[in-house]
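What follows is a structure written as structure tokens; I'll ask about it next.
The first chain written gets the first letter, and so on, giving A, B, C and D; residue counts start at 1 in each chain.
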């Protein structure tokens, strides 16, 4: 296996699909948003991207099986019958490419794949660090390849023109390749403050995104992911502490 | 030499071969099991895999010759005459690929090579860290691509569904590529506690593997590899100590 | 996207072009000279080089848009009508290739592209460290693939034969590939002393270059870039200080 | 430029050539031996190997010119008229490949190139660390792909079977690729003790090599390289000291 490949697992035909990209990154905001939407929308696995630019790892499953690390497309079939109704593809994953060469290869492949499905509009989700303290009321920033969208997104309380600097990885490169292939892409970023997993930033993005895409999603569950991820962060902190205090059983989990 | 290649050195035809993979990794459990089986079964060198993704090193031999670092397949011809009797290929080696790209290339190549020989079943051997202390009675964990095998392996005291996390390198990727190419693969892991060379974990795996594959191997020799590898570890520790105390003759062994 | 590509954005035809290369490097002398000439000559964007060997980043723009990191060719159409009048291509950029393989690929591509435009003469700009203190009156050193040019350049107070050691990146490799493809190339280096951004070295190079190429450029603006870049360096130093004193708002600017 | 290439600069036809390889490595023993033989035999440049796996650097020359870093073949035409007289190709260079992939590519290319010239016998030169103290009377060790040569080399006081461990880079890989392409190769190593430049080890190798190849070389000049390289090491040590004491003029020599 010498280059990245996408395997389509369902023969479903997405209708006018939108692509939402929620991959690991700053504050894990992208992953939280992607995984939450996938689970709330009960989206079905549609395609899997494998790549030699991901780490050479398989993940052990509770079933006693394994799966190779990947990025995965989940499809939500919009039940609306009217013309122009849009399905949603949600891209989530374990890792992003390790090298710059890998990032360029994978992200152009994703855009070409999505374009081949008739898709035209991409949203990538990320975190945007503004501080290293806890952010009480995270703002939502964005950049886009399509300036015509800015007024509408501004009306949805998304801030344009104030974020500056670089966007790394898929959240940024997908915009560049969308531009090259004449698609429209927008990167939506939740304000975050150096947390490993920032559910508050994810919640801020989700609220805006759900309204903007007119999705019917239980907003009460937003509290749940917020609590779950805070619990997860605490567990991680405790694991690190135990590690520093001395050996404990069953907390080493890798093999080669 | 720009990609990995396998050179077949014997024109022997393996019959219904099983592939056992014992490469360097955690606790060197894989290497210990592979080398022991190869030597006890007096398996003959069958093929050699060279790769530009291995370190650029040759090994000096006592004969005054050299050999390039490699992974090597050894073939054990099963003397049983009955239909369905299976030969065993044992894969051992000096290194695993240095990069993720190399790991993906080499491990798919191994699966394709083995499939080309008519092989259908792969066992990879590894270590599974559960602690950083000495493990008195190491358990044996496994994951598999073929859930139908789980009951039989559980009966052999192999634990399923309790190991979690990642498997790195060949021990894991071979399962992923076996799945892709419709072969069956199982990774068997000896519980280990951060030792460089853990013969106890290797012994635990060997006992189960020998019984499972119905091999006739002198179990008393298991003590020998246990002692040998513990001696090896002690020598390594002493070498490190001497290094810290000051210069000694003849313990630098590389050149470029 | 698996290899570097140059996209021509204008169908203008450069006439006898000279290539001036001002990319990031020691003291940012190259970038300062390139950006200043581009802006003073009001050169128009002519072509863009993208590469998977650059970092996987997009830059957020004040407009709310993004652009992928790149190297960019700007064209100055020489208004002179006489035969032999030469247009100037100025190459500036955000980054140089991260790997040695990338550097070799990109720099040969630049030479081939420029040769395809009928170009014959390249000047690369760099910094040359002679000290780690501030350099009051920076000298200008050069090396060239065309010894016939040395007397004329020496007359312009450029020092030959006294710089020694290595030249890294585009400033050096473009000379090597120019030689291979039978073009002429000269690397002009401003003496610098370990500054991040050394406008004095850039000014010294600019004065000589402008005279040598008989360009009509407002020399008073040289003071401006000098002051601007010194201000920039001070801001960077203050940002670093703040970072060390504790968290501040809005100084983290990346996302992935 | 995406892969390594060898450019032949002379149309001379080497007659039964032997290849002597003296590249940078442990104690710079290879470089010292190669450069000394090249200069004493007044060998002429025959071919140049460039590679994107070398550092992306050009070297500034005193003439005001530059050259790209490379490995270089020098040819010594044996004046003897008798049938079977052998010319010598000496390979020297600025660097070895930076990556393992580059090492495999370049070293197979060298063997194929040499085989294409009708060559059959390769000697690589290296250092062999046995201690980190000064070695008063350095021994000479060797490994070879051709066991038939061992008695003759042992008679020349070369020690076989006592060196152990790994050989890195060209000194080792050339033996592996020679074996693959049915040539004969021997690596001759001077005993050394962690010096940057070990002229004593080089001298020990040279004395044996000159006798073994029946070359007529002024042995008195051996003292000269010994002294020159010791002087070089001292200068390097002083440069390092000055660097630690504070800034000095003109000792930074790189640019990008």
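FYI, a contact is a pair of C-beta atoms (placed from the backbone, for glycine too) under 8 Å apart; a residue touches a chain by one contact, two chains touch by 3 or more.
Small disclaimer: the values here were computed from a predicted structure and weren't measured.
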Practice problem: Show which chains lie in contact with subunit A and also with subunit B. | Solution: none
Quiz prompt | Residue-number overlap at the subunit B/subunit D interface, same or different (half cut) | solution = different
Quiz item: Using CA atom averages as chain centres, what separation in Å is found between subunit B and subunit C?
Solution: 53
Quiz item: Distance-wise, how many Å sit between the C-alpha centres of subunit C and subunit D, to the nearest whole number?
Solution: 37
Quiz item: What are the residue numbers in subunit C that touch two or more other chains?
Solution: none
Exercise. Using the contact definition from the top, classify how the chains connect: line, ring, star, complete or other.
Key: ring
Self-check item: Listing of all chain pairs that touch each other, if any do
Solution: A-B, A-C, B-D, C-D
Quiz prompt | subunit B - residues contacting subunit A, complex | solution = 3, 25-26, 96-97, 100-101, 103-105, 107-108, 126-133, 142-145, 147, 150, 160-161, 163-173, 175-177, 187, 189, 193-194
Practice problem: Report the residues of subunit A in contact with subunit B in the complex, numbered from low to high. | Solution: 1-2, 52-68, 98, 247-250, 252-256
